[in-house]
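Below: the structure, in structure tokens.
Each chain gets a letter, A, B, C and D, in the order it is written, and its residues are counted from 1.
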Amino acid sequence: MTIAYYLVLAAILFTIGAVGVLVRRNAIVVFMCVELMLNAVNLTLITFARSTGTVDGQIIALFVMVVAAAEVVIGLAIIMSIYRTRRSASVDDANLLKY
Amino acid sequence: MNSFPFLLLMIVVPAVGAAVVAALPRGRDLLAKQIALGVSLVVLLLAVLATVAFDTDGDRFQLTSSVSWIDDFGVSFALGVDGIALVMLLLVGVLVPVVIGASWDDEPVGNRSMTVFFAWILLLEAMMVGVFAATDVFLFYVFFEAMLVPMYFLIGSFGGPRRQYAAVKFFLYSLVGGLIMLAAVIGLYVVSANQGEGSFAFEVLNAIDIDPDVQKLLFLGFFVAFAIKAPLVPFHTWLPDAGAEAPVGGAVLLVGVLDKVGTFGFLRYCLPLFPDASRDFAPYVLVLAVAGVLYAALLAMGQSDMKRLVSYTSVAHFGFIALGIFAFTTEAGTGAVLYMVNHGIATGLLFLVVGMLIARGGSRRIADYGGVAAQAPVLAGVFLIAGLASLALPGTNSFVSEFLVLVGSFPTRPVFTILATVGIILAALYVLLMYQRTMHGPVRGLMDGQGLTTPGTGEPTAPAGSSGATSATATATATATATATATATETVTSARWMPDLSRREIAVAAPLVALIIALGVYPQPLIDLIEPAVAATVDDVGGDPGGTVPEIGTNGADTSGAETEAGN
Amino acid sequence: MDTVPADGLLSASWLLIALPLAGAAVLLLGGRRTDRWGHLLGTGTVVAAFVLALACTLQLDERQVAVDLFTFIDSGSLDVRAGLLFDPLSAVFVLLITGVGALIHVYSIGYMAHDPRRRRFFAYLNLFVAAMLLLVLGDNYVALYVGWEGVGLASYLLIAFWHERPAAATAAKKAFIMNRVGDVGLALAIFVMFAQLGTVTYEGVFGSVGLLAGGTVTAIGLLLLLGACGKSGQFPLQAWLPDAMEGPTPVSALIHAATMVTAGVYLIARSAPIYDLTETARTVVLAVGAVTLLIGAIAGCAYDDIKKVLAYSTVSQIGYMFLAVGLGPVGYAAAIAHLLAHGFFKAGLFLGAGSVMHAMDDQVDMRRFGGLARKLPVTFVTFGLGYLALIGFPFLSGYWTKDAIIEAALDHGGAWGWVLGGVAVLGAGLTAFYMTRLMLMTFFGRARWAPSAPGRPTPHPHESPSVMTSPMVVLAIGSVAAGFLLVQAFPLDEWLTPVFGEPEEAEHVVAPALVGIVVTAVMALGVLAAWLFVGRREVPAVAPERVSVVTRAARKALYADTINESLFMRPGQWLTRALVWVDNRGVDGAVNGMAAALGGSSSRLGRTQTGFVRTYALGMLGGAVLVAGALLAVTAG
Amino acid sequence: MIEAPDLSYAALAPLLFLFGAACVGVLVEAFAPREARHPAQVAVALVGTVGGLVSAILLAATRDLSGDGAEVTADGALAVDGAGIFLQATIAGLGALSILLFAERSLDPARSSFVASAAVPAGSPRDRELLTADRVQTEVYPLATFAIGGMMLFVAANDLLVMFIALEVLSLPLYLICGLARRRRLLSQEAAVKYFLLGAFASAFFLYGLALVYGATGSVRLSTISESVTTGGGDTLLVLGLALLIVGLMFKASVAPFHTWTPDVYQGAPTPVTAFMAACTKVAAFGAIMRLLYVGFGTDEWTWRPLVYGIAIVSMIVGAVLGLTQTDLKRMLAYSSIAHAGFLLTGVLGFDATGDSPGLAATLFYLLVYGLTTLGAFAVLTMIRDGDGEATHLSQWAGLAQRAPVVAAVMTLFLLALAGIPLTSGFTGKFAVFRAAIDDGAWPLAVVALLASAVAAFFYLRVVVLMYFSEPLADGPTVGVPGLPTTIVLAVTAAATLVLGIVPGSVLDLAGQAANLVG
């Protein structure tokens, strides 16, 4: 019943990532937490690929990595631009838009 | 002759007219008025011709025409009139020219242009014709809602000081009702679809029989919308605001015609389509109706603003109409429809003459007037006639309808009728109180002439003063009016400052006065027009279309027999 | 008694109504153009109507003639036709209305000579005559109702003729409203008739009313009575009539003495077939009549306003008539007879009073009159004759007609009979008292003339022009002769047989002769008392304050107004104010409150939109958990 | 050894147009001289979108998509069916209009609503001097084109993986162009950050859902999923997966409670971009939602129906109520879009496994009319300007009708349509979806929806009141004279709003025929 362990681990990782998004202020770190979530998913995918005996999971995982990379590029660009303006990467500083 | 598309023209002509008027450049006000008046007269002519073409012992719906509109929804652009709709069309045809004539010399608020005003009026006329002439529920709904837009702009752009509040309140109130009705409309369609080909055509829907529980829901959906429109207590509070803030012309159409859509809807849709539900709910509706008669009458007495007062009287009158409709007898129903027409004429005239008074005094407060009769006898006379008509004095048109409603309701609903009959005392009270306070007694309030201007000609002073109408004190208003209008003419202190009706105003009031008397003395032609349609409706709802002929002496003192006959 | 369709002149009897109506229309629509000859036209139409009425009546010879005009309202099983019924009863009334009406029109030419709005006055008078004729000529209850409210309108217009005077305006409104209260009764009666019998024509109703249950008939009778009370100023709706004296005096004479206020009597007499079936309703009528009779008489004793005294006298006399009709078949004819006689002498008295006011600069306070007999000989004589007729001086009108009623009352038999008879006799005494008081204060004693208002000269009484005095003379003759003619020479009860059936000869409880003597004696006592209280001593210029409770009550007309105000007016006003508050705060407040609540919740919810990414993320996470939970719950459940 | 799957290029033509144009755009960016770029990019983007639109229409015209013309291609990864093509055409059309809005250069004195150079920090001296420069960050055009392509792929995806890729392809460019406003750059960048972080967060959920479903069914192909759903429905993994997928999609569709980003991003992003998002993203997201729910989980509808029911109510109420107190027009329209998402879900609910329910067609139609109307409304917003860009505060609109009657009239038309007043397209759409819902017995939902739209009507009306019934301010905003692009957009959207309100028959038929999905 080893599958379960991987899944649980992945779930834990996913949760850690999600919680991280909620508790960390630095945009970069928040974003990294998202990445962590993605990779938790990857782990899940690989596990399922193994359990179901199909390769789809592994392929999807590769796709996800590529997407994640693209996301990193976009994300860092955005965070960088706002950082250069505000001299701060704290997501809490960015709340001009509200209510 | 019947192939001639009267109804379509009655919608298209004013709509086109509205477009033309709206397209006129600013400043061409006179031309705009002339076009508007012409168009409205054409519509009146069409309405009369349609009445001629209408065969009272023919089919229920005549002058029908139907073209498929939206296939997916089973909607068709179907027009047609029964006697009820026809008389309402006549009312529209009569009132709109009068309103245009009455608004001839109005000055817009701010730097708006009156051409827009007349464009809206014409568009409104098109919508009103449509709503009465539609024989397709969807089409009816479309006009029912679209009708709000012109009136919304009439109130909001040309109304009194609190026009924004009044306009939004009016619109939202009606919209809420309308949307609830929309749900019922769709539900009706679904029901018909489950029983075969889904359709919105009245004739089809009238034929299918609906499960009683479903009927209850659908009935409520329609009822709320119409009760808000009519309006019945407790859905009435938008009317005093709208009626008071709307420009006089708008108010006449609002109370005279628009609100009739509600009572019209009761007759055309609630009763025939949901007979069982109508019978089940009738007692509750009657409670609302009678409550309205008494409650609104008492409220009217408590008003200090003339236009609000008139609005409240209308609420009371709608109570009578609803009583007549939900008594399920031919007499009462006929009376109710007749009441719609007569109320449109009588209250229309009352609003007009109140407007003429306000145009002179620049205030809507009753307390600002007094002893007008001594200075403007004709104005006072017209005022009195309008008032007597609205308290249903025999010899005026309203008496016939009120009598029919009450005498027709009594056999089936004695208790409610007795309560409602008490209302005629209150009617006398609120009319005569207002009349005495404004027209009788010594010259008072604004009328003492302090700081008021003598308009050189007989023309009324523009409602520029009405901007300050509800300001705290009469004198303040008076001076405001003076400063507003006394640019050219010097202020005089003689009590003889208030001019009597101008020729135009007399020309505006005369037709309505004539109708009040004529329909008061010889109403039978209208009754003949109305009765078949009402009888058919009463038949739909399970009443005895032949009328409430009692077996003499058998049922003795108690009318409970008759009551159950309507209750089952 | 079957009716026959009209022929010959009778078929033109609709002209009776049309003529004055046309007059009114012309005068009202004609505007100032008709100012010069308006009054002549107005008078002419009524005179013409009178002539026509006379001709019709001569043709009538004991038939009931129906004139069918057009369909008024025909819907469902309701079929109201505009039709006239010309029968002995209506004929009598038509003659009274047009006859007295014509005289008063003539009188008004002089009386209103200096009023800038005389034309409109005549228009309203014409309108009244038309409505009143419709009231008595209609062949169904709806037509009667139309006329009924029509005269109410005319009365309103005429009482408020001098509408600059708040008192006049208020009195007019009061009259209309209290009449409306009565009208509700009449309307409901019509509804019941329709609901039960399916018809509202006299013929139909009377034909089948017998089939109804007793309760229903009684209900109809009482509802009709309510209407009658409103129109005739009977208890409990009598308060408006004295106030109505704010109108010009000719109005008081025509509408509030001779014709309109007697419509109630007409209504009950006309509905005789209904009342014959309901003892209860008749008893109530009797009670109303008796009570009113006394109230009017007592109040009449205390007032100093000459017109108010006459008004209360009217109330009281109509009480007699109600008493009579309440007695049933024996009383109908007597009531009508008294009504006609009363029409003559009361109209005469009012015209006389008007002439006095004319002379005294429109003052009405008798304490400022006195010694006018010499100054106004014609007025004095005519007025005096009217006075004698009213108090029932032997062999003048009142004597015959009133005695007939008193006899009938006594003949009613039993304790009731004695009570009613006693009341009637007592009333006769009181009548003698207050009328004598009036005579003494007005025409005899020292002249107590004073300026009507500061700055105005003390009036110099002078006799009125002949255009005013001649009608008074005619009426005086009438008041002398009418009684004898109607009761002895051409007995009215025979003339009315087609309507009320054969007058059965009731066995007399008390011998008629004896009754006559007793009544005369009581009347003499009243006169004597009046002389003792008023005639002997000086009349103070202002009413003395320190007087007995009875007098104070009488001066306030037994607190009728007080009761009305505290029972209806003030609570009504309070209720109105309360409801206005409820409507604004409650009903409308609920709506606005709902809107406000939405707005509030909106801004409160808006706070959740903090602008912090992390809050948003938390929200999403929570949402996700909820969604997952919901789906799991669904699948599990 | 895997052999390449066979592609039906004709069916993919719309997508190929878009992605082709996007790639060309990138090349243009790389090689074309700076001054030539802007016109070139606009041209390329327009060619791409219009091409996509035309090819989609041709596709629909040439083959019977409701019948055997429908197919799955690319080895089952892409569905070519009526609904897909209809939505692709809608997106392409709306996209083309959005591109036109992007291309507007005559309204803003700074010649464009996009930043001259995103790399320059906001507020720096260089930034100030660039403010009025002729330069524009022309990358927005290829980016937008990519996004449009992604959206069109999104609605055609027959495979969760493709759906995920499409999701990212449409999201990533949006994140970027949200931050490219020329004025109020701080707000714009903040919007970008928020959108990006939350978007990434949401797609992580989607992805996790994908993984779980994959684990439960052993496949990410919708058809396969639906088979295994019919056999072994109610599997916890599957249900959890579905839940997370729904979360991811609802986020894109800005349905409450996943709406929180919407107001901020709508307000902060450049108005043309906001218009683009409001119109196209919504269409794409709902296309995907319907495909997932109908095709993937249609046989298991009683699992998700109550959920969607509830979410719809929440979304309508949140949107309508929060909209009441907004003072910024863009923000107000954002809340309106949340409410409309709820209305759309009412249509989505009008679905039953038998498939002959009007829900799908109604939703398709509603998406079209809503997209057009909201696009038009935002287009009007771009015209009302004060010294600092668009004047989006309500108070600035007072008395607009007296200053610019035509603009006010057009705006009123759009607002009435959004409020769902008859004789406007909005009413037809509402009627369609509510009919579908009631037809499916969901009349309580319909009643709630109607009441919600009554509440929502209030804030639309408030704008009308301000424009018409209030007196204009002394220093009110100026009404810019729109150039050709904006004029075209306004003309098209206004005309559509009227026509679809008065004679919607033909388009309804179209939606009706298009209403089919292949598994």
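By our rule, a residue touches a chain if its C-beta (ideal position, glycine included) is under 8 Å from a C-beta of that chain, and two chains touch if they have at least 3 such contacts.
Treat the numbers as computed from the prediction; the structure is a model and nothing was measured.
Of all chain pairs, the one linked by the largest number of contacting C-beta pairs is B-C. The chain with its C-alpha centre at the largest distance from the centre of chain A is C.
Centre-to-centre separation of chain A and chain B, using mean CA positions: 66 Å. Between the CA-based centres of chain B and chain D the separation comes to 45 Å, rounded to the whole angstrom. Centre to centre, using the average C-alpha position, chain B and chain C are separated by 36 Å. Chain A and chain C have Cα centroids lying 96 Å from one another. For chain A, the set of residues that touch two or more other chains comprises 18, 21, 30, 91, 94-98. Counting partner chains per residue, chain C has residues 606, 609, 611, 613, 617 touching two or more of them.
Going by the touch rule set out above, the chain pairs that meet are A-C, A-D, B-C, B-D, C-D. Every residue of chain C that touches chain B in the complex is listed here, in rising order: 28, 70-78, 142, 145-146, 148-150, 153, 156, 160, 163-166, 168-170, 172-173, 176-177, 180-181, 183-184, 187-188, 190-192, 194-198, 208, 211-213, 215-216, 219, 572, 575-577, 579-580, 583, 587-588, 591.
Listed in rising order, the residues of chain D touching chain B in the complex are 358, 361, 402, 416, 419, 421-423, 427-428, 431-432, 434-435, 438-439, 443, 446-447, 450-451, 453-454, 457-458, 461-462, 465, 468-471, 503-505, 508-509, 512. Per the touch definition, chain D reaches chain A in the complex via residues 118-119, 121-123, 161, 164-165, 168, 172, 175-176, 179, 185-187, 189-194, 196-197, 200-201, 204, 207-208, 210-212, 214-215, 218-220, 263-264, 267-268. The residues of chain D lying in touch with chain C in their complex are 193-194, 197-198, 201-202, 205, 233-234, 236, 239-240, 242-244, 246-247, 251, 257-258, 260-261, 263-264, 302-304, 306-307, 310-311, 318, 321-325, 455, 458.
Listed in rising order, the residues of chain C touching chain D in the complex are 595, 598-599, 601-603, 605-606, 609, 611, 613, 615-617, 619-620, 622-624, 626-628, 630-632, 634-635.
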